[in-house]
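For reference, chains read A, B and C in written order, and residue numbers begin at 1 within each chain.
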Amino acid sequence: MDGVPPLIDQYSHGAVHGELGLGSFESHLAGAVGAHGPAPAGTSYFDSFTGLAIRRWCPPLLGLEPHCPPARYLARRREVGAYQAGRLLLRGSGIGTFLLEAGTPSELTSATEMATAAEARAHEVVRLEPLAEQVADTSGSVDSFIGNTAEALYAAAQHATAFASGAGYCDGHAPEAGEVRRAADRWLRARRPGDRLTEPALVRHLLWSGVATGLPVQLHCPDPQRLAAFLRATTGIGSDLVLLPAAPHHRRAAQLAAAHAHVYADTGPHPEETLPHAPFGKLLFSSGARGLPELYVTGARFFLRAMERLVREWTGEGVCGPEDGRRITGMIASGTARRVYRLGAETA
Amino acid sequence: MDGVPPLIDQYSHGAVHGELGLGSFESHLAGAVGAHGPAPAGTSYFDSFTGLAIRRWCPPLLGLEPHCPPARYLARRREVGAYQAGRLLLRGSGIGTFLLEAGTPSELTSATEMATAAEARAHEVVRLEPLAEQVADTSGSVDSFIGNTAEALYAAAQHATAFASGAGYCDGHAPEAGEVRRAADRWLRARRPGDRLTEPALVRHLLWSGVATGLPVQLHCPDPQRLAAFLRATTGIGSDLVLLPAAPHHRRAAQLAAAHAHVYADTGPHPEETLPHAPFGKLLFSSGARGLPELYVTGARFFLRAMERLVREWTGEGVCGPEDGRRITGMIASGTARRVYRLGAETA
Amino acid sequence: MDGVPPLIDQYSHGAVHGELGLGSFESHLAGAVGAHGPAPAGTSYFDSFTGLAIRRWCPPLLGLEPHCPPARYLARRREVGAYQAGRLLLRGSGIGTFLLEAGTPSELTSATEMATAAEARAHEVVRLEPLAEQVADTSGSVDSFIGNTAEALYAAAQHATAFASGAGYCDGHAPEAGEVRRAADRWLRARRPGDRLTEPALVRHLLWSGVATGLPVQLHCPDPQRLAAFLRATTGIGSDLVLLPAAPHHRRAAQLAAAHAHVYADTGPHPEETLPHAPFGKLLFSSGARGLPELYVTGARFFLRAMERLVREWTGEGVCGPEDGRRITGMIASGTARRVYRLGAETA
């Protein structure tokens, strides 16, 4: 879209940067279409919305025609080399700044590696639960676990751009010290190496601790309505909150963002569902990509095409002028993220 | 849309008719986009679907170009005077008949004031809970409260066009006298001045009493499915019922309207969600506006533009002829409301 | 749509083949728009999406102009004769293979009658609950009921193309023998002639028995999420499962189809809602028609028009080439059904 500055992708994970055999490409693609394991006999994950989009937008970045057969594309990818292909794809994605969720497994690029590969800026978003899991590995008692977690969180706040929480539910009060201690005791006793932190009171304690740092907090919430009391209770505290809901809750997330001055909502790559339900200044783009470099490209293209289509419809019906359209696209594409995450003019 | 007679707006509240400073305009606009308080720094509620629509359709009614900057529009509004601006906007809305929910606060226009300001017809819809709240203020005992409520309801039925209820849930049986007495006793004891009536058994008692008058009853139901047993039980009683659901329940409301001969569904300003799911004769337009005269304009324009777009798509694909399109639009825009609310030919 | 082979309609019931008076035509049409009984005074079920579609696509199959008035169409229908009109409509529907749910009442065509009337192929899908109800009519004890049901199911598996279940909920374990016996005892004792089988443990027992035959099983599930544990537990068992959800759960059905290699989802006549949420190879068309021959025509036309529109949008935006569009349409229209239901090349 002409006149739209580079995107800020407010939520994604790292990309794979090793070589990808045909099988592992398909298995990464499976994840992107919500599947597990290989496609049923006679079908291919390339026959999906995401698959069509990859075939449309990625071959040209590797010097091929759009829509070339998947086998030809994968051959070209191997020919170029996975590392170089990843660079070409990421640099062609139109994304100028990545907010990467940290604590990603080592097979995925770190923020620093991503910045280099994509010739872009990349910042860390620290997920709260893995941070506490790491602390638990080295803490001998409930007291040291709670204290060390607070320190780790404080340390992370010095360099992180935002925190992220997986709390599916949170009410309007931080859990009391006694409740947190009992929950920590329960979890530490039952815990085996590699266990994820899902103890509800601890997850909520982490969330309230994250909010207390004043950094923005991303909320991965299947149903944002279950955070309604928490959103009300955090009004005026100083932290901005960004809802990243699961389908079909995008509309509700947008409405909650509309209702609270400090709450924002993720549009993902498909802004159609949120756009009518919140002021445009409360919405932020993300690709949600992970793994295949192709997915940052398709996430960004899906988003820009949808915005172009919406703006074309509105201007066609006279509802807005072309300048308003560009301005609104720019807000969702990067302007609001720059303000909420205090990114300054670095990505201009 | 050519050939569409003036709209009947089956649900709205009064408009503000005093002067509006810049701050109070923004705070009314906030309400219309689902927000509270001022927009976050760096954003404006004009950057929203409703804001774009105001900028598109309202400036021309005050002699300005569409899409002029908000500041210019507000300056012009003050120049014209709030009272005269309100008249120009309401008269330009394309709405010929308003069904206003009564019991509105005094800062909003009554039905009579609305009729004068808009040069239109305006009828009262009496909300049942506030009517009982007023009775409670002057009733000394449970018995007198119940008796006086029945009388007030009977009196209201003589002049009202319809009743409205906020019952979120209602089953298939009117609550028994003893249950109503106990609920009234509980509520009257606990009640402090200004308290809203939310005691479930009383709310359901009012609803069944409203239905017994034979007038149409509007049902403000977040989730219409919770009224399913009530809808079944009222078949053939003689009262028509009109569902006004909250998003995302419009489709379900339309399906319930399809299923029951005496049930109808509100389309609001966005008929796309209900239209495919009920016979067209079961759907009624409303703006749902309150406060800003601009919102009646945008509600009506959103509705007519959406109907135009839908009819254009259908005729483009050959699914209907242009006459059918006009006829269907006319049914939803006014024809069905005229029949359900027995408005005669007054608005033709 | 050029180049699309005859459709496979993976789910419908028989058509009426007797004469239809005006009243019974309206009452069949009522069922198709989700209504019961006659339309309210002043309205007609022809004023609905389905009604418009009938007026658009059916008159030409009987030698009339599209959009002719309903009265004229019904007169022509009587003139031609119901039997011959049914043949003309079914043969003009574009459906080459019907999968008819068996156990339909005698007023509806059987698979054999349908094949003759439509000059098409027709296969039986055996609904599990009615099969057990018939067994119950002739079984004297719990033991004989359970044994005879197993035999009837085995016999049905020899000729049926698939089974269908109405289990709204099913978890990850087949009910144990004792639980099945107790449920059967409870149901057989309470049962009166004509009672439907709704005893949950029996319904789940039938479903697990159906899956054990290896035939595909259609799952009529209002909310597919309530089958999630069952879908996980049946991975690798060998039976394919096809979800037929109620609105608004099509998206969730598509996501579950994406997630499990052996799970598929019905698109019904409106593929827009499922298409973005699953690989295209996991989706199957159905008309869902019952009764009026007109409904097979409108189901098929709705589907093909929607696919044409989607493919036109995608190719217009360059997201896919025309060949991919035809190929994807062909998969959903018939290719996947042919594979899942092992229909061979008969319908090519």
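Here is the rule we use: a contact is a pair of C-beta atoms (placed from the backbone, for glycine too) under 8 Å apart; a residue touches a chain by one contact, two chains touch by 3 or more.
None of the values given here were measured: they were computed from a predicted structure.
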For this session: Quick one: compare the interface residues of chain B with those of chain C and tell me same or different, with half as the dividing line.
Result: different
Exercise. Upon optimal superposition of chain A on chain C over Cα atoms, what rotation angle is obtained, reported to the nearest 5 degrees?
Worked result: 120
Problem set entry | Cα-centroid distance, chain B relative to chain C, in whole angstrom | 39
Exercise. Taking each residue of chain A in turn, which ones touch at least two of the other chains?
Worked result: 248
For this session: Write out the stretch or stretches of chain B touching chain A in their complex.
Result: 33-40, 42-45, 47-49, 51-53, 55-56, 66-67, 247-248, 305, 309
For this session: Under the touch definition given earlier, write down the residues of chain A that touch chain B in their complex.
Result: 248, 251-252, 255, 258-262, 275-282, 314, 317-321, 324, 328, 331, 336, 339
